[in-house]
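Got some structures for you, see below.
In the two complexes that follow, subunit A is the common piece, with subunit B as its partner first and subunit C second.
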Partner chain A sequence: MLTAVFWVLAVVAVAAGIAVFTVDSMARATVALAVSFVAVGTALLLIDAGYLGVITILMMLMEMGIMAVFMIMYMMNPGGLMPMSMLHNKRGALAISIGAFVLLAAGALLTPWPQRRGEPPSDVTRALGEAVMGSKMLVMMSVSAVLFATMVSALVLATGRGRYDGDEAPAAEDAGGGA
Partner chain B sequence: MTASPAWAVVPAAALVVVFAGAAAALDGVLDPAGRGRPMSGRLGRPLWETARLLRQRRRTTVAPDALLWRAGTAGPLVVALLMAVVVPVGGITVADPPVGLVWFNALDVALWLTVWAAGWGANSVYGLVSGYRFLSQALAYELPLMFALTAPAVAAGSLKIGQIVAAQDKTWFVVRMPAAFLVFLVAVAGFSLWGPLAYPAGRDLAGGVLAEPSGVDRLVLLAGRYALLTVGAGMSTALFLGGGAGPLLPGWLWSLLKTALVLAGLVAVRRAMPVLRADRVMRLAWLVVLPVTLLQLLVVSVLALGGS
Partner chain C sequence: MNLQMFLLLAAALFAVGLFGALSQQAVVMVMMGLELMINALVVAGAAFWYFLTPQAPDGQVFVLVVLAAMTVEMAMGFAVTTLLFRAKDADMTDMAAELRG
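== the complex of A and B ==
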């Protein structure tokens, strides 16, 4: 059963990944990429990495939501009205991607995977956090808070005078203007 | 909190649909446009509207992206039903995964792409503007929502909804974290395109994402909106209002009563508050609400460290 679910997810992930480069609409490419990532995140759920899987889905969906805006803003064919291609530098890209695939597949197949020792911990999320962060937990927590505060305040400062700003009280230069 | 067999998704989905229908009926009663009409017509509006939309022939637009459009309009209902899986009713829940809270959060983020696709797919300017408005408004409410969700998780020391409910056996979390509760409710209105945060589906856009879908598509989209409100109300009950805690009555009944009360409040807010423009929502959300939720989280964390 698990194997069947894994195969379905794997096929969906790869097929959606291929779709990203074959559809001729930026919107569809973005959604296909999101579907691919969701399939990968769901596959993580199969190995009981619940937190990692769900957070992957959360992050990727959010990212694709934002990316849709920029993809459509900057790409040459937003609506699919003109022929376009997502492929550039075809030969080089093909060589690199086949090389990367062979390397990763060989690694997965040839590595002597260790047998499981002991039992999985009851709280996998906590164990994972401690394995990744270890003694640096406090530092990482403080850094993340500082980073977050920096990002928010930078954005607030940068958009201090947005397009609609000051509409509560008309700005002085507007009041006297009007040619 | 006992996990249920797989068939439990069917009664859970039925419950969501019934509550969503009741919310739509209440909105029909509160709608000032229905004044002077007989009560049966206003109370039965969801029924008549369903019958009308099921019979209505589907309109289409010039060159729509049908795939994204259909997926987008069906999305809110699907998301609401997937959220309902982790919402407990008394001691009963379909599933209580160790990361139930993150599951809920991930699904509300799924709405970003969903609503945007519903707006994009119609190939109509109203839908398109609406989709982008939703994304920009989502940026405003999502961060406060995440911190509002973090507060009960920190207080309970778990991401498991069952444990969060269990941690409220002495005091409901709404007492300890009223700001998080309020922010959560506002965010529910936000991802349901409702009330003061209905700007993406605003009347200045002829309904935005609601402008083009017709027939069964419109029915599914409208149902999805009420279902999202319902699930949001159910989740607020579990996270902040002690779940099924209460005297005399059984737990599941208390859960349903509290959910109905919160849902009624959310529905009533629509007629009581003006729609806020996205840039004002953004300013309010990041300059006022975000610091408030962070302070709330600080208070909750300190209390949790103190072991109370």
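== the complex of A and C ==
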């Protein structure tokens, strides 16, 4: 039963992924990507990764909501007024990606994976929380620093007036002192 | 369900994302391809955790880091796209070829 559910979710995830690059509207592509993420998040729920599955679904739905705005901003064929191919070098890309799939699938099927060690803890989410606040705290501290740096640098890059408010960059000797 | 099935799903998602990242002309669509490839990493990471070492939390923490990387990729990608568009009206990969060697 669970296996059947998994295969349905897998087919939905991959089909939605293919739809991302075959629909002719970039807004629809965003929705297709969201469907793919929801299917993957639900598949994670099947293997007891409750927290990870839910956070994948919630985060990716929000992310696709934001992404849709940008997609519409940069849409190549708004309202179907400028029909054009969104692809270049389709044959080469197809060959490379099919090759990558065959290679990865062969690796997945032919590798003698080790036996499962241990059983999942009774409360998986609690174990994750304790790891994040204990033995793996350094990982999460680094991630938070990276996220903060991302916010700052994304704003600096995207803002219209730029780093120097439209003026020329100051000379090197008085540029010290940071922001 | 077993590890191989999840890895097959991850391989398929990765290959589809790779196709998109290589073939799309719009910079933002290339980012969609990258997102799909990272999506595959989420599947593979969670499967390795559950089917090989469910007792250790490392696999789950890895998936959290991958999710964070996905967010960072999207934020920085849109920032760079916006900068490119402001600087030279370029929204396609072929229009931003200054770094071609």
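By definition in this document, the second predicted complex is superposed on the first by the 122 of 179 C-alpha atoms of A that agree within 3 Å, B and C clash if a C-alpha of one lies under 4 Å from a C-alpha of the other, contacts with A are read in each partner's own complex, and residues count from 1 in each chain.
Going forward, a contact is a pair of C-beta atoms (placed from the backbone, for glycine too) under 8 Å apart; a residue touches a chain by one contact, two chains touch by 3 or more.
Everything quoted here is computed from the prediction, not taken from an experiment.
Participant: Considering only the touch criterion stated at the top, classify A:Lys90 as touching first (subunit B), second (subunit C), both, or neither.
Facilitator: The second partner, subunit C, only.
Participant: If you stack the two complexes on chain A, which partner ends up touching A:Phe37: first (subunit B), second (subunit C), both, or neither?
Facilitator: Second partner only, subunit C.
Participant: Examine A:Ile47 and indicate which partner it touches, taking first as subunit B and second as subunit C; both and neither are also allowed.
Facilitator: second
Participant: Check the residue A:Val152 against both partner chains and state whether it touches subunit B (first), subunit C (second), both, or neither.
Facilitator: After superposition on chain A, A:Val152 lies in contact with subunit B alone.
Participant: With the two complexes superposed on chain A, say which partner A:Ala68 touches: subunit B (first), subunit C (second), both, or neither.
Facilitator: The first partner, subunit B, only.
Participant: Is the number of subunit A residues in contact higher for subunit B or for subunit C?
Facilitator: It is C that touches the greater number of subunit A residues.
Participant: Taking the superposition as given, does A:Leu128 touch the first partner, subunit B, the second, subunit C, both, or neither?
Facilitator: Only subunit C; A:Leu128 stays clear of subunit B.
Participant: For A:Val14, using the defined touch cut-off, is the partner it touches subunit B, subunit C, both, or neither? Pick first, second, both or neither.
Facilitator: Only subunit C is touched by A:Val14; subunit B is not.
Participant: Look at A:Ile57 in the shared chain and tell me whether it touches subunit B only, subunit C only, both, or neither; answer first, second, both or neither.
Facilitator: Touch status of A:Ile57: first partner only.
Participant: Show me the subunit A residues, by the header's touch rule, that subunit B contacts in one structure and subunit C contacts in the other.
Facilitator: 30, 51, 55, 66, 124, 155
Participant: For a test of understanding, state which residues of subunit C touch subunit A in their complex under the given definition.
Facilitator: Residues 1, 3-20, 22-29, 32-33, 35-36, 39, 42-43, 46-47, 49-58, 60-61, 63-65, 67-68, 70-72, 74-76, 78-83, 85-86, 91-92, 94.
Participant: Taking the touch rule as given, give the residues of subunit A at its contact with subunit C in the complex, in rising order.
Facilitator: 2-3, 6-7, 10, 13-14, 17-18, 20-21, 26, 29-30, 33, 36-37, 40, 43-44, 46-49, 51-52, 55-56, 59, 63, 66-67, 70-71, 74, 76, 85-90, 92-94, 96-98, 100-101, 104-105, 107-109, 113-114, 116-121, 124, 127-128, 130-132, 135-136, 139-140, 143, 146-147, 150-151, 153-155, 157-158, 160
Participant: Would you pull the subunit A residues touching subunit B in the complex into a rising list?
Facilitator: 25, 27-28, 30-31, 34, 50-51, 54-55, 57-58, 61-62, 64-66, 68-69, 79-80, 123-125, 152, 155-156, 162-164
Participant: Could you please specify the touching residues of subunit B with respect to subunit A in the complex?
Facilitator: 65, 67-68, 71, 97-99, 102-103, 105-106, 109-110, 112-113, 116-117, 120-121, 123, 132, 135, 138-139, 142-143, 159, 277, 279, 286-287, 290
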